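Pasting the structures here.
Two complexes follow with chain A in common, the first pairing it with chain B and the second with chain C.
So, the complex of A and B:
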């Protein structure tokens, strides 16, 4: 796997010989895009940074169900991540970096701390300090501004944008937020022989061989799924909890990429695929995912807080075969308006799975209704 | 906007523009005094094919805004339905229910799920009714700077509470009640006293000779009580209020302005004394119980500077239970003193153990403006068509100085009127000290009195008070007026909702108008005050007044910190 290559700080040494602007230019030319979800060009993000005191935040709060590629990198090749952070900090002239580590990954903290200590001599060269902040288990803290609130010691709530983080970020200063996988790929750019198309996919569900797989982007859905050897014939593919779902049979020849997936009304968030076998019931699955959002929404705005609870209630009713057709209409309306009117990205994507389920599997819902 | 081209200024929100152009956008969590947060998602509009909240979206070029498409209306209605589904509500005049009607909601398809309510301290937070709009949290954090309430938990378990869920009475809360004032749904509210009062009133009518009830009304409520019955914020309803209180069943209706006049006398004399001795300056006013609690908890080093005078309410109570009770021949215990205040902290003050001058609480029951308004309504008294009544004697005669107590700067002005005559030995010709009027959070001025230059500062809103103290600026002055609520008592925590800066300004104007019309403008010219000093108290700062009208402060620690 490309991501497991050991760089041994060779990439960092190379960048030190370059000018800062040159480093950013090279990253831009490489075509590296953010690997967390929105696919924003990394080089451009670095270029947008303001002046004065700046901060870098490494987003290691990987909370999306079915996504575990960042954990994989931090477990198997943490020094590559630290080197990536060092290069990014050098390129943007940053002297303080925060790694916002997911609360559930607390066991990785000593490991990361050890690696940071081992690489002190390199970090000293650019006068960089790396802090590890542990999250407290909030899914919302995967959002960049919620991380900032959390690091500042406040209740994690998404800030209003604009202003965007490069203008007003952590402690009111210009801030860059990058994902673990993005930063881990940075040293490889400078090492040479790096393939931008290789991406990590986390596969889980009814599989014989679940885990992280490195695949070239644009590969067909069928091929990815076959890598993990499904136990039974796959029926539904969930793209994490917030990404929505697709029926496998209809889309098995779909090439997997940000564009092609979003054309189908789904989102490729964090490239986590949850593969559900043929004996799974869509209503039950929808209820499980709704329960997740029920627990994880912050309670800030009405539609997401109250609406998801109502969806859960209705799904429970339908699951018990007590639902009516009017309930199904209400469900559809709720799913539509929650995503339309919520405050943050969690709210707007919280009903993606249900919208897709109602789009592709409405028959199964109808069967359970009176 | 809605197919019309509209001129805008930079930095304006969509809501601002809509208001200016006469387009109605319903809002719930939005409040003109606060930073819009976009929590309730009611003020949605469609911008370039996307739904956004109009309260916190700033206008940009080439925006195409629609305020009443089907998508917008349906989304608003669904969100309102979701909010309503989860609360119990009984009264029809709160903002929320008005809004629900406006949005055309008839039936709610969901059932309630929250099931916890907490009643503790003078303020209670009822999660049955809370819609999590966050106004109270914002007021507590940003305007008052106390940071005593915030959201806890996530998702549908989110609720507003104190740190570590401790009872409000043990928390660092100052009971200013601004949270209750800003609440659109009566979820944060004062602890109800009305039930107790109704029992009292009933008892009074049964055993008439053994119990005697009097009521005092604060200066600030006559300018605001009318709002509860549909009057414009600027109308004074003194006469109607007195008549209505008589109808409720109180034997005598008195005026706290009398207590205020007494406070001015004592405070002015105390100030003159301190100036002469040049000791413990600046003098900080003590009329506001919320500020007193704040100082006792947070700034104990200021306690020696605070005037030892009780607040007008407590002075009135002390006089009523001693002087007045004796005069009419009723035992202090059988005399029930009810006070109607624009304030929630007064409830706490009345229950303080040091506020006893005749073996029982000086003031038995404290009601807020909202509570008395509700009581009048419940008694089915037609307030707006009521004739005018007059205050009873002797505790109902007051000066203009007492009347303006409810406005920020009012205490200062009335004290100035009294000390001018003490300092200069001349009769005050120009009664209005316009320098001290105004609305800025912290303002200062210098006034020449005889051969002395008196430096005065006025702070209102606990956030501003904190600023004034922590910057160290307070040491520069001779006299500082501190009021916990923005705008003074006129914007107090017990006032009718809604209260915005516009309304506060109107109420203040009404008080100054009342002052203008009064015959007696200076407290020391009040015949009732002269009489009581002659008959009973002796002289200001004398032995008796020291005992009855002054109090001591001690350092207090919130129980849990």
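So, the complex of A and C:
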């Protein structure tokens, strides 16, 4: 695996000999895009940073169900991440970096602290301090502005954008937020021989061999799924909780990439694929995904808070075979209202799974209705 | 109170942020009671509502008394597909039920969202320790092993 290559700070030493602008230019030319979900060009993000005091936040609050690639990197190759943070901080002229580690991964904190301590001599060269902030079990804190609120010691409600983090971010200063996988790829660019297309996919669900796989982007869905050896023939593929779902049979030859997946009305969030076997019922699965959003919504805006609860009620009713056909229309309407009127990305994407389910598996819903 | 004062002093020295202060307080006090939050609020001159707003938001900051061991069973799709409901059934046999604390104040059981162990499901956390690939004998041994 490319991401497990050891750099031993060779990449960092190389960048120190370069001018800051050159470093950013090289990252831009390499074509590295954000690996968390938005696919935003990393070099451009770094270039947009303002002047004065600046901060870098490493987003290690990987909460999307079915995604565990960041944990994989922090467990297997933490020094690459720290080196990536050092290079990014040097390129942007940053002297303070926060790693926002989710509370569920608290057992990784001592390991990361040890690596930071071992790398002190390199970090001193650019006068960089790395702080590890522990989250406390919140999915919402994976959003870049919610992380800032959390670090500042506030209830993490997502901020209104614009202004964007490069203008007004943490403590009102210019801030860059990068994902673990993105930062871990940075040293490899400078080492040479880095393949831009290799990405990590987390596969889980009805599988014999669930786990993280590194594959080239654009590979067919069929090929990715076969890596993990499904227990039975796959029926539905979920792209995390907020990414929506696709029927496997119809799309098995689809090449997996940000563009091709979003053309089908889904999102390739964090590249976590949950594969459901042929015996799974779509209504039951939709209920489980809705339960996730019930648990994790912040309660700030009404459509997401109340709407998802009503969806859950309706799905429960349909699951008990007490639903009517008119309930399906109501479900569809609710799903679209919530995604159109919610305040933050959690709300707007919270019904993606249901929209896709109603689009591709309406027959199964109808079967259960009177 | 001595330990709490020490934590407050650390916060004043900016050794950690407010969220970490509350997390550390949970470690010392077990949970964030009204009195504890009030005490922090008066000492740091932070409105009580703000503190309670934070405490009630995060799932790892309990505002009510919990058992000695807080069991958090992952209820996310990947674990659900691989038998998280059976884990709950087995725990029920020990008298541990979802959302409740056992009478001897030893266990509290909660459902949690994904804990990032989708590659080794079903999984649960007990306090800060993660247990993966659970089955009947494994759960039996874990629960019996906790004193």
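To be clear about the criterion, the second predicted complex is superposed on the first by the 370 of 370 C-alpha atoms of A that agree within 3 Å, B and C clash if a C-alpha of one lies under 4 Å from a C-alpha of the other, contacts with A are read in each partner's own complex, and residues count from 1 in each chain.
Just so we're on the same page, a residue touches a chain if its C-beta (ideal position, glycine included) is under 8 Å from a C-beta of that chain, and two chains touch if they have at least 3 such contacts.
Note that the coordinates shown come from a computational prediction; the quantities given were computed from them, not determined experimentally.
Asker: Is A:297 contacted by the first partner chain B, the second partner chain C, both or neither?
Answerer: Touch partner of A:297: chain B, not chain C.
Asker: Once chain A of both complexes is superposed, is A:204 in touch with chain B (first), chain C (second), both, or neither?
Answerer: second
Asker: So in the superposed three-chain picture, is A:160 touching just chain B, just chain C, both, or none of them (first/second/both/neither)?
Answerer: first
Asker: See if chain A has more residues touched by chain B or by chain C, and give me that chain.
Answerer: C
Asker: Which holds for A:341: it touches chain B only (first), chain C only (second), both, or neither?
Answerer: The first partner, chain B, only.
Asker: Look at A:310 in the shared chain and tell me whether it touches chain B only, chain C only, both, or neither; answer first, second, both or neither.
Answerer: A:310 contacts chain B only, not chain C.
Asker: So in the superposed three-chain picture, is A:258 touching just chain B, just chain C, both, or none of them (first/second/both/neither)?
Answerer: A:258 sits against neither chain B nor chain C.
Asker: Quick one: is A:138 in contact with chain B, with chain C, with both, or with neither? Answer first, second, both or neither.
Answerer: both
Asker: Determine, under the contact definition given at the top, whether A:212 touches first (chain B), second (chain C), both, or neither.
Answerer: So A:212 only meets chain C here.
Asker: Could you say whether A:333 touches chain B, chain C, both of them, or neither, answering first, second, both or neither?
Answerer: first
Asker: Show which residues of chain A both chain B and chain C reach, each in its own complex.
Answerer: In chain A, residues 138, 155, 295-296, 298 are touched by chain B and also by chain C.
Asker: Which chain A residues qualify as touching chain B in the complex?
Answerer: Counting only chain A, the residues touching chain B are 138, 155, 160, 294-303, 305-310, 313, 330, 333-334, 337, 340-343.
Asker: Show me the residue ranges of chain A that touch chain C in the complex, using the header's touch definition.
Answerer: Per the touch definition, chain A meets chain C at residues 62-68, 71, 102-107, 133-139, 150-156, 202, 204-206, 210-212, 238, 241, 272, 274, 276-277, 280, 285, 288-289, 291-292, 295-296, 298.
Asker: Provide the residue numbers of chain C that touch chain A in the complex, in ascending order.
Answerer: The contact residues of chain C facing chain A are 17-20, 22-23, 50, 53-54, 57-61, 75-78, 80-82, 111-121, 125, 128-130.
Asker: Within their complex, state which residues of chain B touch chain A.
Answerer: 37-42, 44, 51, 53, 56, 71, 74-75, 78-79, 82-83, 85-86, 109-110, 113, 131-132, 150-151, 153-158
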